[in-house]
Amino acid sequence: MNIEGGLPEKLEWIRDSLEFFGPELILFTGIIIVLCAGIIVPSVRTGRSHGVPLILALVTTLLACALSLADWNAQGEATDLFGGMVINDRFSSWLKIVCDLAGALTLLLSLPSSQERKHVSEYAALVLGVVLGAHFLSMSVGMVMIFLSLELISISSYVLAGYSFRQAGAEGSLKYFLFGTASSAIMLYGLSLLYGLTGSGIIASREFAEGLMEHQSLLLLVAGLLALAGFLFKMAALPMHLWAPDVYEAAPMPVVALFSVVPKLAGLAVLTRFVLAVTAYGQTAFDWKAIVGLIAILTITAGNVAALRQVNAKRMMAWSSIAHSGFLLIGVGALTEQSVQFMMFYAAVYFVANYVVFGYLQYFESRGLQTIPDFAGTGRSDPAAHTLLLTGLISLTGIPPTAGFTAKLLIFTGLYDAYRTTNDPFLLWILVPGLLNTVISLFYYLRIPYYAFIRDGQSTPVKYLTWTNFLGLVLVLILLGLFFRPDGLMGWINKITFVL
Amino acid sequence: MIPIEHYLILSAMLFSIGLMVVVVKRNAIAVLLGLELMLNAANINLVAFNLAHPERLDGQMFAVFVIIVAACEAAVGLAIILRAYRLFHTAVPDDISTLKES
Amino acid sequence: MSPDADIAYLIVAASMIVLSAPLVSGILSALVPVRYSWLVSLTASFMLLIAVVGAVLLAWTAGLEQTRHFSTEWFTLGGSTVSAGILIDKYAVVMVLVVTIVSFLVHMYSAGYMAGDTSMRRYFVMLGFFTFTMLGIVLSDNLLILFMCWELVGFSSYMLIGHWMELPSAAKASRKAYIMNRVGDLGFIAGLMIVYRNTGTFDITMLAGHALQGWETAAALCFFLAITAKSAQFPLLTWLPDAMAGPTPVSALIHAATMVAAGVFLLARIHFLFPPPALQVVAAVGLATALTGAAAALGHFDIKRILAYSTVSQLGLMITALGMGAKDAAMLHLFTHAFFKAGLFLAAGAIIHTLHQAQMSTGETYDVQDIRNLGGLQRLMPVTFGVFLLCGASLSGLPMFSGFQSKEAILSSILHGHNTWGVMVAALFILAAFLTVVYTFRLIWFVFINNTSRPQWTTVPEVPFVMRFPMIVLALASLWWIVSPNPLSFSGWFMTGNAGALSTLTSMAVVLGALVFAYLFFRKKAAVPKVADILTSTFYLDTVFAVLVIRPVGHLSYLFSRIDRKYIDGILHGAAYAQVTLAHIVAWFDKVIIDGLVNLVARLAAWTGALVRTFQSGNIHMYIFWAGIGLVLLTLFIVA
Amino acid sequence: MPDHILTYLIFLPVLAAFLALFVPRDRAMWFKVLNLATCALQVILVIMAVSRYGRETGELRLEERMEWFSLNLGTWGNLKAEYFLGVDGLSLPLIALSAFVMLIAAISSWTIVKSVKGYFILMLILNAAIIGSFAALDLLLFYLFFEFMLLPMFFLIGIWGGSRREYASIKFFLYTLCGSILILVAFIGLYISGSAPGDVATHTFNIMHLRDAGNYLPGSVLDPSGGWVIGGWPARNWAFLLLFVGFTIKLPMVPFHTWLPDAHVEAPTPVSVILAALLLKIGGYGLMRIAYPLFPDAALSLSWLVGLFGVVSIIYGALTAMASKDLKRLIAYSSVSHMGFVLLGMASATQEGVTGAVYQMVSHGVITTMLFLIAGVLYDRTSDRMIGNYSGLARIMPIYFAVVLIAFFASLGLPGFSGFIAEIMVFLGAFRSEVIHLSLAIIATLGLALGAAYYLWTLQRMFFGPLHVRGAATAEQLVDLGLREKTMFLPLAAITLILGIFPQLLLRYVDTFAVGFVALLTGGS
Amino acid sequence: MIYAFYIFAFIAVAAAAGIVFARRLFHAALFLLVSFLGVAGIYAVSFAEWVAVTQILVYAGGVVVIIIFGIMLTARIPGRPTAVSNSKWFAGTLLALAAMGFLITLFLSESFGTATAPPVEEGFTLVNRFGIVLMTDYLLPFEVAGLLLLITLVGAAVLAATRNNNPTS
């Protein structure tokens, strides 16, 4: 092969690729700026104007979001960049938008509690790091990129998990680190085997698919599962979910909110691409959809039943987020174009509802309510906050009149539709317990309102017009609006033409 | 040339040993050692497979990046372990389990 | 307009008066304020008087010859419409007369009897309401409305039996009566449904045309179940004696004259629905009831119970007649029976009332209804005695009394067929008549003649006029002339035909013989010294009678009363207990099994949750270990 | 306001609830008056609606229809949901009943003291949800209102309930949510296989469209002509079964009824009134509006099952009522028994039966309101509902006794009260129906005797006999009805009486509906 | 050369096994170092000089040193044994044997291509080619790796810099 031969056009497409990297570049510069702000501005170091880095990071995420939006509108079809290392399509743009908004909300949530937090600028930088890693991960199809961006997210998360500088935080990040490294090693092993089997480091490439065609063996299955393990770890899905409860319990609330959305969605994106790749246009010997479906249903069930008896609110939400990653996986299990679109819708709704809940959990935590029994009787004194929280929880459950219902309806519709087209009874077997799980989930979701409203307890009245209530109200209105008029958002999502 | 299967068997051994170390050793640093072993096993795979597909250097590239990442992980991991050690006066995760199902 | 048309107007108007007057009386009594509750008796009696006038007008205009039918649309079901209307024929007219007159008299009597009762208003409300619904039964042309009124009379009888709520006996009796009737009503409903299923209509006049293909006997027996309950036929008769816990005028009106006769009336009205086999069942039941009732009446000592049993047996006779197809005769007996039995009850009520007063003055307590405590009242209460005597005579069917004529009518029409079945029935019928005479005589003997008089009874007064007047009217109404001018023949304004001399003579002989026997027997039993020696001459006769008749009858009566008390009630109670226990079992099932399943599901979920959470040991090594194991298991599962 | 009368009916309470948000929480009287005014206004609106409706029609009136949203499902058409309201002979009486009962409940809520604001806001929301679910003709809209009832009810029982309120509320919620999930599954299947007339691409929730078999995609899951077969059984039967179970949990039907007694016993009086009088009706309404018309074939082939469960409910409910010691629990079980008649009438698939079923729903709505108010009266006085603790009350509370008499005898189907008409019609239908066996009807008649038994026994134990009061209560507490209570009872008694004597007043509306219903069933088979 | 492979392989595995059985943590780290070197040797004999060099530099020179620092820091506290105790032998061996047997059987059942040396044009060494590929095809991963290092730096700094005045709070 001739090396100089390829060189000019390689430089050519590198230059072309760069213009699709607006959001990522913004985030990168954001990280630098925030760090420099932390170093240069003395008042940040002394902790007096702690808000500054957060505001800067917030602006950065919003800019990134705007840019992602821009190239959402710009490009219609998928374009692969950097020699196919990454793909930029509407699928990834959508996830980028959601992740940016999630990052922004996280920073917003961390504003009130930032004064008792040290190293605010590093904190902001790490949050941006997570978001940036999510950006890369949602785009990447090259194994190297997958691995690197996954590690980018992981390493930032390890540090963030311990950001409440307490014993619990240290323990959480330690566990997170050990588990995460192990799972990434496992994934790496799987990826290496896949590379060996196909001879291509890019899962979207043609020779990857051909290589799969040649080796439809058990080893391929094992390799795929090992690789899958890493993604499942990011999504906190079975069997790689074990870290989630402990870490969630340990981490500060905004970080937990971030964990429950951004790495999950990024992992979901890469998992979707991966499953689509290994199914190799449906010619594979193994029913990867069924595997994902199985994992999904196990995850849903495990998450829901385990959440039933939780005492700590954060821990309960951890299990709930596990269950929800199961619901998201259903979209992958069906793996039709609609189902992926519905999955995106679900992701958006889940993101909003989750932030409502975590926002209020932080609000109540600041008032000293840690465990669920602490909430007893607080609903009487603070009905506004609790009603908004209740709406968020109901949306997570999936009951009208909240968008959660629409999202679940659509997810199951997608499944049903897949069942209709590919007459695969397995999908039906996912459908039924999936629906039953909704009932189970209601129990723990309603426990906080139950304690707050029905159980008696002493509580002091508080004023309604708070910053949190305003934020919550906005998000709740979004949830309600998405129930009453989902067609706007859905029509938008319909533009996602999902190909590798 | 050495058949690729031999590389693979070697990597499998290292991987399993690493896994064993991870599970068996109580000290966090020892666990870290095991993890490093597992990463190495993956690297061996990559390099070996690159022999099978020699026209591009993907495998070796990948291996290099893995090494870098491994270094990063080691750094952060040790930092974390040291924090935990400072707070708990032990580096044995089993003694550090305040977070568990109530 | 044609004369027929305005006759029709008159008839409808009259029947409207008849129907509305009692209802108005009930409503008025409800509206009267508590302080003026004495007003109630006046208004109520007055409205009933109007009703009587209306009834007379109705009888005069409608006459007995042709049947008239007026109906209007009530509601529509899909295509078909359910109509409501009045059907007036001979029986309806007769019943209207009976009901209004007796009801009026009882109202009047109650004015005295219930004076000073705290809940007098409720009493009169219910009395008026009862009369209204009873007239509804009589006049309605439509089985559905008839059934509605049928249940409503049950309701008002429930309220009136339980009028004295403080008495547990009253409460129990009322509930028992209502539930037994309800059981009968199930039969009625079933019958209704069968009729509707096959004909699609409730209108009695239209039913005559249709045929219930294959369902005749079933429908007939269903209806007959209802009749059995309402008219206290065997075996559903035990509620009637208990119902005597209610005020005596109520017993007179409802449980002697009218309501219990409703069954007989219904049977006469839908007689055409009854095929021969069903009719034989009817006759058999009727006879059984007649004998049981009569024998039981012989065994009892409570005056009202005895009368109640006699009512039962008389109703049995009517049913028997209907079973033998003698509609007119049965209705005639109903007509006569209403008057003399009401008279008997009112007289008994008078005695009870008076003696209660006496007890209040002297403050001693004994059961005034127990005939063994009574005796020698004929001097103290001559009017009552006279009334009792006349009505009793009519009941036992002495010649010159209406009872004689109606029974003779029945007997003759039973024998009309000249077949063995008829003869058998007739024989038993005669036995029943015989027993009737005996217990009636016994009753009168014990209450009035047999002298165990107490000293303080010299103060016992005769009842006031307002109570005396109805008794006298009823006594006169139990004479022959209300049936026909000829004291020995039943063919009069109501029905024609003449009994064979044979039947007339037999009945006469039976009655008189029974009378003589009873006299001799009870005279001795009463141990009146100065007649003892006369008895010695007929000693053997006495013993023979005693051995051959009295003892068996005594035992039989005892046995029958035992059967009533123990077995039939026992069965009912047993059923009730069984029901309640079943209910408890069901409740337990409810609590344990069904809730249990739900809780089981919950526990299952909790258990799985615990299982999942056991992996959360907080131990990172184990996390990694389990993750690895999980992956391996997943692989194995997929491969396998 | 020519044609939006239903919208006004539904959203008036919502508006009121919104206003109530801004009333300071210590102004108890304001909330009560607001609620009362809202309900009164609704009654007026209902009267207007009835007058608009006219009498002669069988089909929908007062329709309001606009597109809600339509989602693009990519290659697979798009999903269309409508804001579609309308009333016919079935829903009009029920809406009228709802408005009326809500008014009564508003009066009866006067005694609420605990956190009044939340209570009345929840009541108003519940009100809107109930009327909405009676008026909605779009499956998704219906489901929205249907679910919307759960949470207010949950909190109304859970916060203002009695001693075991937590258990009761959770149980209620569990049951009804399971039911609604089953219903949801069927709905998904329906809109997946149904389509708007004309364009196949549009998947609709419109009940009226899903009614006729022509609108189903050929070969789709629930296609009436050649739908799928799952587990050796037509998918349509499965779907019908799902709907059946889902709605009969609400009805409630044995064996899905055990939430009812607990919920009733624990709930405060107005809430249990609404629960019994209206929420149970939504189960029957759902069966008649959705399950039967959309699956006539399955309904006919399974009507033996429906009838069987109906009869079982009748007998079982009556027996259990007989065994229960708590007055309110007894009444609750009597509801189970009475709603069994609705099932039986429906199952008979005859003119009489269907009419009777609807009639029974309305009349039970009125009568059970009286019954629960009666239990509430006693509970307000002495906070003790044990039957065994009372005796001879008739002497000291004569008016109360009169009311109890009316209510009990109306409930056990005494002629002259609405219950009698309903039950007799159900029996007429059951006896002449071809689809269910005669024996069912005959067994069902036993229910009447049992009903008489437990009511009369209760009367005898509580009101007859010598007066004494056991337990915590004292005879001094037992004062007779006050003016407010009389004003609650009077209209109720009047209505059951009027409906019992002049059934045509209601049949005028129900009859035409029943004609169409039966035609749909028998035509659909 | 073939023997070299097996020798190195033996060294790597033996050293790895040594880690398992090492009593003291410090020895384990040294075993790791040996194992790394063995692996590096394997790279060297299979046409991956660059990787081998990186391995030696980064792992042997970097990681192991860090780890040993870590061991020192955690061992320095008096009264605490530096001996590393083992637990869950059964679980560990079970998992390890399961994984090993599984993988090896699978590997033996599968056929991979034959190993061939990567082609090199004249005038270029493998390292040149490596560099060019790194700067063109792998430009993005290269940058991301830099970013990763930055983040690591920040994170490690944060973790190291915080002195906790009150551990329990």
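Letters A, B, C, D and E name the chains as they come in the text, with residue numbers starting at 1 for each one.
As a convention for this text, a residue touches a chain if its C-beta (ideal position, glycine included) is under 8 Å from a C-beta of that chain, and two chains touch if they have at least 3 such contacts.
A quick note: this is a predicted structure, and the numbers were derived from the prediction, not measured.
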For chain B and chain C, chains touching each: A, E
Chain of greatest Cα-centre distance to chain E: C
Per-chain Cα centre nearest the global Cα centre, belonging to chain: D
Chain pair whose interface holds the most contacting C-beta pairs: B-E
Inter-centroid spacing, chain E versus chain A (mean Cα positions, whole Å): 30
Chain B and chain D, separation of their C-alpha mean positions in angstrom: 65
Chain centre separation in whole Å, for chain E relative to chain D (CA means): 71
Chain C-chain E separation of Cα centroids, rounded to whole Å: 105
Chain E residues counted as touching two or more neighbouring chains: 87-88, 91-92, 95, 99, 102-103, 107, 112-113, 119, 129, 137-138, 141, 145, 148, 152, 155, 159, 162, 164, 167
Multi-partner residues of chain C (each touching 2 or more other chains): 613, 616, 618, 620-621, 624-625, 628-629, 635
Interface hub residues of chain B, defined as touching at least two other chains: 4, 15, 18-19, 22-24, 26, 31-32, 43, 48-49, 52-53, 55, 61, 65, 69, 72, 76, 80-81, 83, 86-87, 93-94, 97-101
Chain pairs in mutual contact under the definition given at the outset: A-B, A-C, A-D, A-E, B-C, B-E, C-D, C-E
Contacting residues of chain C [partner chain A, same complex]: 605-606, 608-610, 612-613, 615-616, 618, 620, 623-624, 626-631, 633-635, 637-639
Parts of chain A lying in touch with chain E, wherever the complex brings them together: 1-3, 6-7, 10-11, 14, 17, 28, 31, 35, 81-83, 85-86, 118-119, 122-123, 125-126, 129, 132, 136, 142, 144-145, 148-149, 151-152, 155-156, 158-159, 162, 165-167, 196-197, 199, 215, 217-219, 222
Chain D-touching residues of chain C, taken from the complex the two chains share: 74-78, 144, 147-149, 151-152, 155, 158, 162, 165-166, 168, 170-172, 174-175, 178-179, 182-183, 185-186, 189-190, 192-194, 196-197, 576, 579-580, 582-584, 586-587, 590, 594-595, 598, 602
Residues of chain E defined as touching chain B within the complex: 2, 5, 9, 12-13, 16-17, 19-20, 25, 28-29, 32, 35-36, 39, 42-43, 46-48, 50-51, 54-55, 58-59, 62-63, 66-67, 69-71, 73-74, 77, 80, 84-89, 91-93, 95-97, 99-100, 103-104, 107-108, 112-119, 129-130, 133-134, 137-138, 141, 145, 148-149, 152, 155-156, 159-160, 162, 164, 167
Touching residues on chain A, where the partner in the complex is chain C: 174-175, 178-179, 182-183, 186, 218, 221-222, 225-226, 229, 238-240, 242-243, 245-246, 286, 290-291, 294-295, 301-302, 305-309, 440
